[in-house]
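Look at the two complexes coming up: chain A is in both, with chain B in one and chain C in the other.
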Partner chain A sequence: MYRYDEFDTAVVRERIEEFRDQVSRRVSGGLTEDEFKPLRLMNGVYLQLHAYMLRVAVPYGTMNSGQMRRLARIARVYDKGYGHFTTRTNIQYNWPALSDVPAILSELAEVEMHAIQTSGNCIRNVTTDVFAGCADDEIEDPRPWCEILRQWSTIHPEFSFLPRKFKIAVIAAPKDRAAMRTHDVGLQLIRGEDGETAFRVFVGGGQGRIPHIAQEIAPAVPGRDLLAYLTAILRAWNLLGRRDNIHKARIKILVASLGIDAFREEVERHFATLRREDLRVPDEEVARIRAYFAPPPFADLPRTSGAFDRASLADPDFARFARNNVRRHRQPGYATLIISLKPQGGVPGDITADQMDLVADLAERFSFDEVRAAYEQNLVLPHVRLDDTPEIWRRLAEAGLATPNADLVTDIIACPGLDYCSLANARSIPVAQALSEQLADLDYQERLGPIRVNMSGCINACGHHHVGHIGVLGVDRKGEEYYQITVGGSADEQAALGEIVGRSLAADEVAPAVGRALDRYLEVRREGETFLQTVRRLGADPFRDAIYGAFNAVA
Partner chain B sequence: MKIVTANRLSDGRVIYADASGDPVGALDQAGRFDGDAADLALSQAALRPATFVNPYLVEVDGGRPSGRDRFKELIRSQGPTVGNSLERP
Partner chain C sequence: MQWLDTAPEGARLPVTTPLEEVEAAARDAGVLVLEFDAFRDGRGFSLAAVLRERGYRGRLIAEGRLIPDQARHLRRSGFDGVVLGPGADIEAWRRMDAAFSATYQPVEEDAAPIWRRRTLARATPEAVVKRLNRETRGGNAEDILCAALDPSLGLRPAILSSFGAEAGVLLSLAARVDPSIPVIFLDTGMHFLQTLAYRKALSERLGLTDVRLVTPDPSERADLDPDEDLWRADPDACCDLRKVRPLERALAGIDAVITGRKRHQTLDRHDLRPFELFQGRIRVNPLHDWSEEQVEAWFDAEDLPRHPLIDQGYRSIGCWPCTTVVKAGEDGRLGRWSGAAKTECGIHLGRRTMSVG
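Moving on to the complex of A and B:
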């Protein structure tokens, strides 16, 4: 994985000292809160309901064991002993004192991490496919390009005061495992006609109160022109995007109002004026960064594993874990292992310091010292030997980390909601917990197959409810929590927004209503058809009927 | 009746102004003010930016938050209703 060079180290160190001074001036009265707020946000510090919240970037979701142990230490020393992984592969701490934040940032810098640009109107942490470097459908590892984007976008003077935040995701396979088209810019790495790396570019995706799926703006931008093309996109938006209304400032609004063709013309106009050679990453620099992401020294192993097969036969619990949480790796004899952060009745994305330490140990011993944060608020050990999976599973199980529900209905994405967030209208966590408890039967979950339930506590959609196969949105109705349900959303390569099925429901009605929709799916599905395929075939009506039929019968 | 609430600058914790305008951590220790007195208490809190961050008024009825944001204010006063924070005060 990438290691900081002298420039990275200097930038991060200087930024910490700058922020230490800003905190000091805020405390001494030299800065007002209005002056301080944008400064703290650019360093990942929010002020939430109960405390400050610090969001730490995990660039493209990749960490080593030392970094994970440091995240554990920060949770233990400066917070309440846990952290919360988000859909943008960041980790959030809910209780740091402002006065401790400079020390926390210093601790992060020691392991080459930071919180720069995890908030504010700038280019945020670049995300990617959690199976990068593992998946057999991948054209090439997308992470070198993510790192190039990270370096280009960090404290970029032209793009530090954008109309709003700007999020980029990069994938390198036809299968989208990074919700790429929900981003302001989505990049799909492809092979260009010349055989070189190129990018299919999508623009104008986003969720929030006005959701849009990103549209294709360019079919094949050569890798050497990627930074220039992105500069042109950002420049067009920076100049034309609205700054008078926070709700209409994202690039999705500009793209939708101009139309993709007119926006493309704007971008190409800027692209034509750029000195592209100045924005071209030298080949040797691309090669240097690529070298950091070279495949680890895999052993030459048989495709199958006796230890794995024996454990699967001997222990039904391991067999279930293997079915649901162990994924095929392109290297024979290896697998990618998903660590679900969705225990039955737990808080989606939360992990304790002790659990983080265990994951670090497992990564160090079994996965070439690498662990990933996933879009789905889970962790992944990317490169483990099939032979080792039974032992890893046992150790995960001892720590409460072996829930065998990856991509099943209780693998719920949920934002912190009104329990923590100052923007939320309703709680997300208790509703997710209720659903998790109601659907705890793993046989039933496996019968249902892959279903993604996403929950947000407000229309800002941090829980990605718009693209959940089933989405749940918390709303405020005269001071009471209610929840709107959507079906048919998808964040994959066939990205779609869910359809609202009816009136909002009280909190205690949500889990039973979702349960009825799931039962209806089992009644109407065809052989081998997933929930999403069934919704796409039949539309929302059968699920609407299931959800509201009980109420209508009473009425 | 209204109370003044804010977050404390040093650690972000929820605080209230007591009857003297000093910060307290518990809602039941908050001073309750009527009309102009509430506006005055708010302005006094705003004059202490090294303690009170973003102070504002909250309606209370019988010592509990009332009005449209009553549930949010109840959670602010009592902490998260679920999750890991509960086990680690």
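Moving on to the complex of A and C:
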């Protein structure tokens, strides 16, 4: 895992001092609220419905136990004892006092963390595959490149007052586990013709009111030119992007309105005159950063584990957990273990301070001191011995963290919605909770297989409803909370936007309607076909009928 | 960064102007004022960065609704100054401009970014030399010069020139890359008058803006060579006094010395590499593999003025007491310290130990 050197430390410390200065100028009237707002946002401080919210970056989702314990301490001391993990692998605190923020930032700096650029019209926290360094389809660990991007994008002189936010995701395998193509820029690490690292570059993805799947702009940008190419993209957008309408400001709108080919020409023009050498990270530096992400000292273990097999046979609950939450690791005898933050009836992504401490302990003891935050709002212990999984499971279960539903229908992605968010039209948490309760039967969930349900409380789509296999969007109908259902979206390597199936539903109608769609899937699916494959084969109609047929029959 | 009360005279454009029009306006503007009508509109930063990268050298001034927290964004994207409205908190502007001691991004006229600073901090000079030799393998003189002058390397280089017979080659190459590079001339007090005139003419012709005349310390000279004939008795001591020691003083703060040394010049130089380490400094030899013919061809092609003594048969020109005419066909450097075993003047060999007084 990356460790700060004196320069990284200086930047983070100086950033806190800068923010203190800004806060004091705000208090003395030197800055108006309008002027202060983007500055606090770029330090992760939001004004929410009831209070300030602080969003802390977990760069590319990787943490050590010390950092996790510090997040727990912040939740305990400065908040109400819990935090909320987001789809961009950040953690949010919903109740900090504004006056505590500099102190929290200092606490974070002590463990090499920060809240820099977790909001605002700048380059945001870079996300990646939660199984980086574990998956066997990976070409190379993407995280050194994420760290390079983190550094390059931090307090960028040219790109801190962009038309709108800018999000980058990096994957390093053919399989996309980071919703890469829903990002402003998606990078797929590949081997170039010369055998060196290169990137397939996608641009113009995004959700919100006008969702787009990112399109390929370059098939193979050499690693050494990556920062120059990204600079060219950002420059083209910063100069041409719309600033008159907040809903039309994202790069996706520019790409769509120019067309990918014309946009590519713009980018190439900038790329041609950029001083590329200046943006080339020295080989020594790439090697230095890579060294931090070298595989941990794995033991030579047999491929199978007696302890694991015995526990699976002896305890059906463990067996279920193992089936759903324990994933293959490329190192024999090891596994990657998903800690679901979606307990039955819980708030997706929430975790208490005590739970965080436990996860930190487990990471330290069993996973080479490493824990990851996942796009799905879960946590992951990346490198555990198969032998240790029964004990880890027992300890997780004691803390209410062993919900065996990873990637199943109740592993719901949901934004905070109207319970916290000032932009929301509708609540998403209670609807997610209702669905989770209704579908609680784990046998049924396993029968359904992998299905992703995503919920957003408004069209900003923080809950990624467009790319949920089933999407639920909160809308406002004459002052009442209503929900629109989509089916067939996906965030993987065949990313697609879901199709709206019909008129929006009242809150209490959502869970039963989704239930009917799921039942219909079980009726019409072919042997071995997942929900998504069935939707792709049959289209949305059978599900539309299932959802609305009941109403129509009554009407 | 300049904090201005009013905008200087010059072209003015709002940051909403398309890039092409801004570039056209900048083409013949000594001063360009970009007006921000909202501090959130960050187009101006990209406009400045693009203009600078594409070679705009005039003054770039920002004016309009900006906040102190943008001071360094302005400076680091290429602005020279900002017009502060009445009542602006100039102290806040100054503080915010200096808020960070290190930055990750390389930018115009700025300190090396953190990546380079890290590499330099960790790389030993040996490693830097090795890497530069590797990176410039197969490259020509200009490539070698550019590698040495690469701002991201963070080196502070200077050229060492005798303004002798072949000096025009290195100096004209360097002037192309950066005419403001320091050029050190060891003014030993023993040079031919022709050399001094040539130094002036060539510097002017090439537009070199930082030619430094380095003279021996007067009191040392009075002590060691009161009659100005030390060269006769002990040329090494004379070189030490008039070249080696002054050079050492002149090189304080310089960590890369660019010379015109060539392989063919002496036997000792036959394995000369583009970069070498010499007394803790990097020595750069862009012309390491040049032949006499190439030098001749370069003078012709560039139409450079020749050293006036060449016509009189001098080929390698140093101080008058130690330079003689060589016969046609003879090695040019034979004219230096001819008749003595001495082949190098000491500045390329290092200080010899000698007792003073």
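Note that in this section the second predicted complex is superposed on the first by the 552 of 555 C-alpha atoms of A that agree within 3 Å, B and C clash if a C-alpha of one lies under 4 Å from a C-alpha of the other, contacts with A are read in each partner's own complex, and residues count from 1 in each chain.
What we mean here is this: contacts are C-beta pairs under 8 Å (C-beta built on N, C-alpha and C of every residue); 3 or more make two chains touch, one makes a residue touch a chain.
Quick caveat: nothing in here was measured; it's all calculated off a predicted structure.
Visitor: Who wins on chain A residues touched, chain B or chain C?
Guide: Higher number of touched chain A residues: C.
Visitor: According to the stated criteria, A:273 is in contact with first (chain B), second (chain C), both, or neither; which is it?
Guide: Once the two structures are laid over each other on A, A:273 reaches chain C alone.
Visitor: Enumerate the contact residues on chain A facing chain C in the complex.
Guide: Against chain C, the touching part of chain A is residues 5, 7-8, 10-11, 14-15, 17-18, 21-22, 25, 30-31, 35, 38-39, 121, 151-152, 154-163, 235, 238-239, 243, 270, 273-275, 277-279, 281-282, 284-285, 288.
Visitor: Which stretch or stretches of chain B touch chain A in the complex?
Guide: 7, 9-14, 49-50, 53-54, 67-72, 75-76, 79-85, 88
Visitor: In their shared complex, at which residues does chain A touch chain B?
Guide: 26-29, 32-33, 47-52, 80-82, 94-95, 97-99, 347, 350, 352, 418-420, 424, 427, 429-430, 433, 476, 478-481
Visitor: Over in the complex, which chain C residues touch chain A? Could you list them?
Guide: 19, 39-43, 45-47, 49-50, 53-54, 67-70, 72-73, 75-77, 89, 92, 95-96, 99-107, 114-119, 122-123, 150-152
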